[in-house]
Amino acid sequence: MKEIMMLVVILLPIITGILVPLLPFKQRKHMEVFLEGLVVLNSLLVWWLLTGSQEEAFTLARFTGNLTITFKIDGMSMVFAGLVSALWPFATLYAFEYMTKEEHEKTFFAFYTMTYGVTLGIALAGNMLTLYFFYELLTLVTVPLVMHTLTREAILASRKYLYYSLGGAAFAFIGLIFIIIYGNTTDFVLGGVLDLNKIGDRTNTLLLIYVMAFMGFGVKAAVCPFNSWLPDAGVAPTPVTALLHAVAVVKSGAFAILRLTYYSFGTDFLKGTWAQTVVMLIAMFTIVYGCSRAVKETHIKRRLAYSTISNLSYIVFGATLMTPLGMMGALSHMVFHAVMKISSFFCAGAIMHQTDKHYVHELDGLGYKMPWVFTVFTISAFGLMGVPGLAGFVSKWNLASAAVESGNPVAYAGIVCLLISALLTAIYMLTIVVRAFFPGKDFDDSSIQDIKDPSWKMLVPLVIFTVFIILFGLCSGPVVSFLKDVANGGY
Amino acid sequence: MIYLMLLPILFPILMGISLLVRKEMKNRPALLITTGVSLIITALLGLLAIILARGEMLLLFNLTATLPIIFKIDNMGMVFAGMTMIVFVCAGFFSFEYMKHEQKEKRYYGYYLIVFGILMALCFAGNIITFYLFFEILTLSSMPLVLHNGSREAVMAGLKYLFYSLCGAYMALFGLYFLNKYGNTLSFSEGGVINAELAAGNIQLLLAVAFVMILGFSVKAGMFPMHAWLPAAHPVAPAPASAVLSAVIVKAGVLGIVRVVYYLFGASFLRGTWVQTAWMILTLITVFMGSMLAYREPVLKKRLAYSTVSQVSYILFGLSVMDAGSVTGGVLHVICHAFIKAALFLCAGAIIYKTGKTRVDELRGIGKEMPLLLWCYTIVSLGLIGIPPTGGFVSKWYLAVGALESGMPGFSWVGPVVLLISALLTAGYLLPVTIHGFFPGADYDYQKLQKKEPNSFMTVPVLILTVLSVLVGLFPNVLINFIQQFVTKIV
Amino acid sequence: MGTNLFSNYGEAVAMILFVIGFTNLLLQKNLIKKIIGLNIMDSAVYLFLAEKGYINGRTVPIVVNGVQDVEAYINPIPSGLVLTGIVVSVSVSALMLSLTIRLYRRYHTLDLDEISIRLKKEGL
Amino acid sequence: MDFIQNFPFFSIILSMFSGTVCSVLPRKAARWVNTIVVSVAGILSLILLIYLIGTGESYTYMMGHFPAPWGNEIRAGILEALMALFFCIIMLLSMLGGRKKLDDEVVESKHNLYYILVNLLLSSLLALVYTNDLFTAYVFVEINTIAACGLIMIRQNGRTIEAAVRYMIMSLLGSGMLLLGICMLYDLTGHLLMSNIKESVELIMAEGTYHVPLLITIALMSVGLAIKSALFPFHAWLPDAYGYSIVSSAAMLSSLVSKGYIFLLMKIIYRVIGFDVFDGSRIIDVLFVFGLMGMIFGSLNAIEENDIRRMIAFSSVAQIGYIYMGIGMGTQAGMTASVFHILSHAATKSLLFIAAIGLTDVSGGSRKFIDLTGAAYRNKWAGVAFMVGSLSMVGVPMFSGFISKLLFAQAAVQNHGKMLPALIVLAISTILNAIYFMKTVIRIYTPVEESKYESITFKNMKLYAVTLVCFIILNVVLGISSQPIVDLIEQGLAMFA
C-alpha cells in the first residue's frame, strides 16, 4: 500500500501542475486555494510516509537489463524529502503574494508545482538510474520557471542553465554507466556497491570516472567552475530563486553527490585517494570563490546566489570528507542552510516586491520602514555567518569537527576556508543590514516614506523560518542525532 | 539560588531590547530613569550573583549533543565582572549628560544595556563555547555603539571594527574545533584540559592552534598585528561608549586569552614553547609601538586609543610571561587600566562636550576652565605612567618583577626595559595636556576665561573612577592577595 | 613482386585505370569529365573481372557442337557479372547525364562549384 | 518448408511490381497502392518476424532452382525481419506525414513518379536487408542510389538538383569501391554467396595466405559503404540533400537509405568476412575514429547552422557517427548498440524532420530560427513532437535516445582501449546536442506578442498530427520497454554469426 503512496506523492503534484492551466478558475483565489490545498495535502502525505514504518522498495518500470525505476525510503531520502515537503507549502504561500505583480502566473504555478513532484522523485529515488532520470526531468521542468519573465536575459539565462545541467548530466551519466558495470547493483547501499573483483587493476580509471561524475552532478550543486549559471538564473521570480535555486535544484545536486559518494562508489573505495583530494580542493576553492564574488556583487539576489554557491560547497566539502561525521555535517548544513537561505531570499524578494529596489546601495534606511523583513533578514544573516545560537553555527560546527576528526591535512585547510568564508559572509550580509538600519547621519527618508512591510502571506513564512533558525540553533540535539543515525546507516 | 547568575545577564539584555523595540519616547527623563535604574539593578544583581552563586556551575542547555552552555562564577570571572560593573555604571551616568548633543539616544542606551549584559555573561561563562557565543554577540551588539553618530567615518570604523573582531573570533573558533577533539572537556578548568594521550604526536599542531587562538582573541585586545581597528573605532564612538570600549570591551579579549592559555591549554603546556616567545615578542612590539603612535597623535581621543593599544599589551605581556608575579600584575593592571582609561576618556568627552575641542594643541588653559576635571585627568595619567602611589605603579611593578624573576633568557630584562621606555613615552603623551592646561603660558588672556566645569552627571563618575584608581594604589594588598591566591593555582 | 606484377599485368592495368577513374570522378570540376571518370572506373572493374574470369586456352561457355567436358569452358559467372555491371553503369551514367543537362539548362555551366556559388547567391 | 518463408521474396517483388504499376495508375490510386504496399510489406515482415521468433533459427531461401554455390539466395533471420518491419513502419509514417507537403511542393505530373521511386526504394531496401548474395547486394545498392537520387530531385529546383548530383557522385565513388571490393573478394574466394565466402575466408585465414588482398578488400568495402552512408568526412552532400528535398524524402533518406547501407556493412562484417577477422583488421579503428570525429564535428556544424532543416541534417551526421563508433568498438555489445541506434535514430530523426516541416509551415515557410519564434504555439502538435524528438536526441530517459546512449556507453566500458575516448566524446556530443536542440526548443516555445503568422488547428492537419503521435509513441516505446527489442537484436546478431 505504502509503496504506491511513494508514487502518489510524486505524481500528485505533477498532475496538479498539469491541471492548473487547464482548469477554468473563476478567480485567482480559487486557484490559490486549490494549489495550496493540494500542496499541503501532499506534504502531509510525505510526512506520513516518512514517519511510517520502513517500506520495501517499489519498482515502477524496467529499462534494459536490470535497470529499473525504483523508489525507496532510506535515511537520506527522509532528510531531503522531509526538507522539501516542509518548505514547499510556505514557498507556495509566499509565491501567491509575490506573483501578483508578474504575468501568466498559471504556467508559473503549473511548473512550480510539477517541480515539487520531481524533486520528491529525486529524494525517493531508490537507485542511480531513477535519480538520474528525475535529475534530468528536474532540469526540464525548471527551465520554464527561469525563462518565465521572457526578457532577453531570462532566455539567455535559461539556455545557460539548460546547457550546464544537461552537460553535467552527460558526465554524471558516465558515472552511472560505471556503477552499472562495476557495481553489484545500482541500488543505493550505504558504503557503496562497487565490486572490487570486477575492478581489478583499473582503480585509477574508476577514480577518474568518479571525479567526472562528481563534476557532473556538481554542475547543479554549482561547484567551480560550473557555477556561473546560478547567479544568472536569478532573473527568475524570487519564489523560484528562493526555493529552487537555494534548496530544491541545487540541493538535489548536492544530494546526488552524496548518493554518488556514499551510496554508490562507497567511501572505503574513495577515501584517501587522489580523487578525494581533488574533489575536496574543488569544494574548498568554491567555498572561498563564491563568497568573494558575493562580496563584489551589488545586486541583492545575485549576491545571495553567490552566497548559495559557497554554502553549497560547504555541503559538498562535508561529503568529500567521506566519513559518517562528514556526511552528518553535510546533511545538517543541507537542512539548516535551506532554512536560512530561503528566508533571506524571501526577504530579498519582499524588498523587491515592496520597493522595486534591486541593489544593495538602494537599501539605505529601509530597516525602519520594513522592520519585520529586515529583522528576519538580519537573523538569517547572523545564521549564515554562523553566530552561535543560530542554525548556521551548528552545521558549521558539525562540518568542522568532522574535518578535524577525519585527520586529513587537506581537511584542516578546509576548516580555514570555512572560517574565511564565514568572515566574507559577515562582510556581504552585514553591509546590507548596516545600510538598512544605520543609513547615516544626513539621510532623508522622504523618498521611502510610504514603504511598509508586505502582507501576512509573505510574513508568515518569513517568521516561521526565523523561528526554525533559532530553534535549530538553540536545541539542535534531536535533529543532529537523527542525522547522525542516518549517516551511520540507521533507518 | 544558582539561577541567580542569569539575572545580571538577562535583565539588562531584556531591558535593552525593550528599549530598542519601543518607539521613540518623547520625555527624556523617563528614558534616563529607566536606563539608570536598570544599570544600578544590574550592578546589584551582579554583586548578588557573585556573593551567592559564586563557584557554582549552571548548565543551561545543550547547543548540540556535545556543546553545553555553562555558566560558572570563578575568581578570574569575578575580577573582570567587578571591573565591568563599576565602569559601566560610571560611564552610563556620565552619558546622561553627554548624550544630550547626540541623536537616537534610545538606541544608544538600548545597545549599551545589552552590551553590559553580554559582558557579564562573558565574565560568568563556564566553558569556551559559552564564551565564544557571547564573544561574537558582543561584537555584533557593540558595533552600534561605535557607529552611533552615523557619520560616514563612523560607519566605516564600525564595519572595520566588526570585521576585525569577527576575523579574530573565527580564528578562535578554528582553535575551538581542535580543542573539541584533543581536549577532555571544553569547560574552563585550572591547569588546562588537553588530553595527554590524544595530544601525543600532535603537539606542534596544538601549539599552532593555541597560537592562532591567542591571536584571535588578541584582535579584540588590539595586539599587533591586528590592532588597526582600535584607533579607528574607539575615537569615533561617543565618549562614554569609547570609555566602555577602551576600558572594558578590549578586556573581553584579554579574558579570552586568559581562558585559553591558563584554563584550556594550561600554562605548563605552553611554557617555553615557540608560542610563548612569539606571543611575548608581539606584545612587546605592541607596547612600544602603541606608545610611539600615541606620542605622535595630535587628536586627544585617538591618542588615548593608541595608549589603550599599548597598555593592554602590558597586560598581555604579563600573561605571556606565565610567571605568578607577572600574571598577578597583569590581572591587577586589567583593573587599574580599566578605571584609568575610562576616566581619561570621560575627561576627553567632557572637554569635547563643553568646548568642542578635540586636538591636544587646542587645550591650552583648559585647566583654568575646568580645573576639577583636569586634576582627575592628571592624577589618572600619573597612574597610567606608573608613578607611586597610584594603582598603575603597583601593577607595573609586579609585571616587571615577574618578568625579571621568570628568568627567561633575554626577555627577563628586555621586557622591563621596553615597559620602562613605554612608561616614559606615556608620560610624554599624557602630561602635555596637563602642562598646557594649567600653565597656558604668558600670552593666554584670562579675560575670555569662563568656568566651564560640567555638571555633576559628568564630574561624579570621573571622580569615582579617579578615587578608585588611587585606592587600588594605596591599599593594593587586599586585591593582590586575592588575585595571587588564584593565580598561583593556574600558573 | 615485380615478376608477379608483370605476369598479371591485366589486373595491374585494371587497378591503374580504376585509380584514374576514381580521381577523375572525385576531383574534376566539370560534370561531363566526372561522368567519364565514372565510366572509366566502372570499366576498369569490369576489365578486372573479365581478366580474372578468363582461363588460358579455354573457350566461352556457349554450346555450339555438343557439350564438351567442363574443362573446355571458362567460368561463366564473371562474364555474367560484367554484363550486369555494364547495365547498371549505363543506367547510372544515363541518370547523371540527365541531371547534368538539367543543371546546364538552369545555370549554363558544367562547373559544380560555380553552380553552388550561384545557389548561395540565390539564397534558396 | 513453410509458406511463410516466401514472404521476403513476396515483399520485395510486390513492391517492385507495384512500382511499375504506379506509373500507369491515376494519382490517387497510385498513392493508395503505395500506402497499401508499404503496409502489406510491413505486415509480411511482422508475420515473418513472429514466425522466426517461433522457430528460433534463420533460413536461406533459394531463388530459382540452382542450389548454392550457383544459385542466388535470400536469407532471413530475426534481425533481417526486424529491420524490414521497422523500415516499412518508418516509410509508411514518413509518407503519411509528408503527404501534404508532397501535394503542395511537387507538380501533379510528378506524383506518380514519386510513388514509383518510393516503391523502388522499398524493394531495394528489402533486398539489401534480405539478400544473401554480394553481387545482388551491389545491384540493389545501385538501384537504391538511383531511387534516392530521384527522391531528392523530385522537387525541381537548383538546390535539389545540385544536391542530387553531389549525392550521386559521392555514392558512385562509394559503390565503385564496393564493387571493386566485391570483385576482389570473388577473386579471392571464388564465391558470391555470403555463407560460402565466409567459409573460404576462414580457410584463407587458417592458411595465412592473401592477408594483404583481404585487408584491401575489407577496406574497400567498408569505406565504400561508409561513403554511401555519409560517415564523416564524406558527408558533404548530406545537408543539401536532406535540407532541401521534400520532407518525406528527407525523412526516408536520413532514416532509411543510409541505414540500409550500414545494415549491409554489418551483414558483410558478420556473414562475409567474419567478425573476428574484421575485428583483427585496422579498418575497425579507422571507422571508430571517423565515428568519433563525426559525432563532434556534425554537432558543431549543427550548432553553427541557422536553418532548422539543415541543422537536423547535420545532427544526423553526428548520429551516423554514433553508429560507426558502435561498430568500431568491435564488441558484440557495440554492434547491438549500433543496431538499436539505427532503429531509434530512424524513429527520432524522421519525427524531427516531419515536426520541423510543421513548424516552418506556420512560420511563413521560413526555416530561419528568427522566424520560428513561438512556432510551437502556432502548431502545438509539431511543437510537442519536436520537443520529444529533441529530448530523445539529447538522451533524456524515457525516450529512445537514452537507451541507445546507455547501450553505447555500456559497450564502451567493455572495450578497455577505446573506453575513455568513447565515453568522453559521448558526453561532449551529448552536451553539443543539448546546445543546438534545446536552443531550438526554447526558441519555438518563446511566445511572441503579435505573431504575423496564423496558427494551424487540429482540423486541417489530422493526418499529420496522427503521424506525429505514432512517431512519439514509437519513440517512447523504444525508450521504455526496450528490453525485448534489445533481446531480439542480440538473437539476430547471434544468428548472423
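Before moving on, here are some points about what is shown:
By written order: A, B, C and D. Residues from 1 in each chain.
Definition applied: a residue touches a chain if its C-beta (ideal position, glycine included) is under 8 Å from a C-beta of that chain, and two chains touch if they have at least 3 such contacts.
These numbers were taken from a predicted model, which means no experiment stands behind them.
On a Cα centroid basis, the chain most remote from chain A in this structure is C. Centrality annotation: A (chain centre taken as mean Cα position, compared with the mean over all protein Cα atoms).
Between the CA-based centres of chain A and chain B the separation comes to 44 Å, rounded to the whole angstrom.
Between the Cα centres of chain A and chain C there is a gap of 68 Å.
Centroids of chain C and chain D (each the mean of its C-alpha atoms) stand 28 Å apart.
Annotation for chain D: no residues touch 2 or more other chains. By the contact rule set out at the top, the touching chain pairs are A-B, A-D, C-D. On the side of chain A, the complex with chain D involves touching residues 61-65, 67, 129, 132-133, 136-137, 140, 143-144, 147, 150, 155, 158-159, 162-163, 166-167, 169-171, 173-174, 177-178, 180-181, 202, 205, 208, 212. On the chain B side of its complex with chain A, the touching residues are 61-65, 67, 129, 132-133, 136-137, 140, 144, 147, 149-152, 155, 158-159, 162-163, 166-167, 170-171, 173-174, 177-178, 180-181. Within the complex formed with chain C, the residues of chain D that make contact are 70, 135, 138-139, 142, 145-146, 149, 153, 157-159, 161-162, 164-166, 168-169, 172-173, 176-177, 179-180, 183-184, 186-187, 192, 244. Within the complex, the chain D residues that touch chain A are 391, 394-398, 403, 405-407, 409-410, 412-414, 416, 419-420, 423, 426-428, 430-431, 434-435, 438-439, 442, 445-447, 480-483, 486. Contact residues of chain A toward chain B in the complex are 382, 385-389, 393-394, 397-398, 400-401, 403-405, 415-416, 419-420, 422-423, 426-427, 430-431, 434, 438-441, 443, 473-477, 480-481.
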